[in-house]
Amino acid sequence: MSGTGGRTLLTVRGLAKRFGGLVAVDDVDFDLDDGEILGIIGPNGAGKTTTFNLIAGALRADAGSIRLRDAEIAGLPAHKVAARGILRTFQHNRPFKGMNVLENLLVGAHRRVRARPWAAALGLPSARREDAALAAAARETLAFVGLGDHAASDVSKLSFGQGRLLECARALMGEPAIILFDEPAAGLTSVEAERLGGVIRGIAARGIAVLLIEHDMRFLLPLAHRVVVLDRGAKIADGTPAAISREPAVIEAYLGRHAGAAA
Amino acid sequence: MTDLLELAVSILEAGGIYALMALAYLVVLRPTGIINFAVGEWATLASFFSVATLGWWNLPYIPGAVLALAGVAAIGALTEQATVRPMIERGAPILTPILILLGMVVVYREAAALGFGTQNLRVPPPLGFGRIDLGPIAIPMQSAVVIAVSGIMLAGTWAFFERTIWGKAFQAVAIDRVAAGLMGINLRLVAAFSFAGGAAIAGTAGVLQAPLTSAHYLMGLPLAIKGFSALVIGGVGRVEGCILGGLVLAACERLVMRYAPIPSGFAIGVPLLLMILFLLVRPTGLIGARGRT
Amino acid sequence: MTKTRLTRRALLAGTAAAATAATLKAPAIAQNAPIKIGVITDRVANSAMWATLMGEGVELATKQVNDAGGVLGRRIELAWEDDQDRPDVSATRARKLIGDGVVMILSLSSSTAAQQAQTATLEGKVPHMSPSHSADTLTTRLNNPYFFQMGPLASFQIRTLMAYAGTRFRRVALLTDNSALGTVNATSFRQGLQQGNIQIVADETFERGVTDVTPALQRVRAANPEGIFHAGILGAEMALFFRTYHQMGLRQPVLGSFNLSIPTYLDLVPGLLEGVQFIDVYDDVKPEVVDFANRYKAVHNKDPFSLPAYGYDGIMLTVDALRRAGAPDREKLRDAMHATRNYTAVIGARGTTIGFAPDRRIGFPENGCVVRTIANNKHGHAVWRGLAAS
């Protein structure tokens, strides 16, 4: 079930989560390959955000397995999942206020820093070299997302759309294997959304897998390689955007209510 | 005037010590949110360790002093792991570690008294007690050492926070702990390192101060109070605030003590009074923290 | 706290075991229960340094008495309590000791703690003594007929200093620190100087924990006194004062309180105390002092000074009173204490003695202080015991 021909990166099997009597995620399976853009859609309450949080380690699954390559990561706490290379952006932009754009990216690069804090504190040459290399990488990333002119800007000066791009760039700095996007197009103008779509394609082209929750079909359907559809916690379809948009179950559960929005 | 020049040296020296103590609070407070009143006792322990390394074992100054600081840094890290971390991980409110550390003040002090006795012990200075003649005044050698070392340490800490990625990571934890954690920053390492760093900084203040006065088990509390006052005046935010707060507090004390036409018994209370008045006017202190308006 | 008491109990158990083993040779002891003397000390708070040193004298005297057969055919057993120099705790500890059956309580922590403990000893009708406290009001603020003050009052210090040096100066600086005892001393010094018609041209207080004393000494320098009287008692601040005094090139003679009799300063600021003169109660040529010094040195391997002597005398005076009382009974002991006359202690100038009277529970004689000088970084012999000669 590969969308790009890349290797299977993430394997989710039998994922389940309940909150008291409510079944939020019900026996969900899917795969994600290197460089694949996978969309997760469904009506409100379908379990999209919960699935996201289970993969990111913010919630603990009641059942099921999440394997990153060959390693089981279900049950790991969020910072450990991040350490394994699954990074997320925030639905409401969450930059570090008081730092400028470049500094925010450098924090994102933190995972890559090999030198220990005391080496940095003492100003050892190895630490300094590394910091300089990462600063160069940060500038490159900023150029890639289109914020190249804003390196020294304070983050409070960025527009909402630019803030989104910053989230992307910051996640990229961590050299992730997978980036999770939670409704990235929300609140963007169509110009900004197009720009963001281009960036996400660029990210996938670099071999990084992308998992995105999205409501805006005009943004998602042209972008995703594959789409997983959830309804009331269960997966009801899994395939290319064209294929799933023809599935009766999907049309009934979701697209039927937004017939005019289908691309 | 000779007096003013001498006072300037005195203000820089005392300001340096106070700034270091304020910084010791800051490096723990910002990433973890914990006000650690045990910083004074860390200064005490480092002074006693230097009695051992420099006095009993007769090591040359730099290795001896560094060893003393490493010792107290280790104690700082151990304290975090043994007493603070379990509370944080059980989701205790932030007041709990603060109270635990207040209890540690007593533990540290009793340990120092039991381990080193209750008498004042001599700490050797690095460069003796001579004077550097500079025209109209002579600067005591130890004063010069205090000013130089505290300046270097403050500048170095500033550079760590502003110029290294680890420093940025610490700031990120201070600004938005949850986001930082979700980005993969090892919050445990940051907490342990901030305690170790805070201990080393407070320890430096102790080792710098002790040759002039002595190492004794009660020296911690006044240093902790002065440091906290400097921290609050400076704005509880950045290294620059610590420096400014320390200098302002020292200047207040020295100038009032020297020139105010009041008995010196009252002059002792004036700086704290001024701090209270100052905070009524400007509660956030002199310099704002990053991530806050 | 529990830690402290457990350690003390372990020590006590060990001492008791050793003492028992040693005294098995002396047949006079055996059957009778030991006489308990309570000692309230401070192990870790503000007065710990002084209390610990006095405690050495207490232990030395107790061992000496027990080795020689005890008193009234019985061993002395010390009951230690730590009041952490807190007055309320001191009173509580005193009550506990009273409940444990002690015949005498010695207060080694601060005078404020001893003052508060008196409320317990008055109520419990138990003899109570301050071996070293110099506060003027310990025997007057509370009319406690069971309480005795063996040490010299602060006012005796300044009287002796004034008699010795008063004519040398017309204008002086008075220095002290903001500790409780430093403040008390300073008040007493101030009164004495004013009575001697000496002008105080600079009156400076050092704050506990002060990092440098330059501004205060600048004021002193600007006032240009002829001499400097230092009434302070805090070690670190005293050391800092001497360093700064020399740094600033000040030359006025320095005269100090009892506090300078503590040898620690000779280690802390070696060579910076030459020519300093201070009040002491330790007259090292007195035969009793020589004997005490030998005993102390045999155990501690260093020379004693006033503080251990206070503790030693505290026990020895109690033992002397017990003998005269004839029985380890609290009322009889109190009467015997009141009846103490011409007791030659370790403390006090040669030729002076300690004694109480029905209307006077201050034991130390007004002429019992000596003046000593520091030379070659050592405490010299008494250079003046003039009041004793009069």
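To keep things simple, chains are lettered A, B and C as they appear, and every chain counts its residues starting from 1.
Here is the rule we go by: contacts are C-beta pairs under 8 Å (C-beta built on N, C-alpha and C of every residue); 3 or more make two chains touch, one makes a residue touch a chain.
The model shown is predicted, which means the values in this text are computed figures rather than measured ones.
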Chain nearest the overall C-alpha centroid of the shown protein atoms: B
From chain A, the most remote chain by mean C-alpha position: C
Chain A-chain C separation of Cα centroids, rounded to whole Å: 75
Inter-centroid spacing, chain B versus chain A (mean Cα positions, whole Å): 43
Centroid distance [mean C-alpha coordinates] between chain C and chain B, Å: 36
Residues of chain C defined as touching chain B within the complex: 3-4, 43-44, 46, 48-49, 52, 178, 203-205, 207-212, 214-216, 218-219, 222, 235-237, 239-240, 243, 247-248, 264, 267-268
Footprint of chain C on chain B - complex, ascending: 3, 6-7, 9-10, 13-14, 17-18, 109-110, 113-114, 117-120, 122, 129, 131, 138, 140, 143, 209, 212-214, 216-219, 221-223, 225-226, 253-255, 257-258, 263-265, 268
Touching residues (chain side chain A, partner chain B) in the complex: 56, 58, 78-79, 82-83, 87-88, 90, 94, 96-99, 103, 106-111, 113, 115, 117-118, 120-121, 123, 127-128, 130-131, 134, 170, 174
Residue ranges of chain B in contact with chain A within the complex: 156-157, 159-160, 163-169, 171-172, 175-176, 179-187, 189-190, 193, 197, 289-292
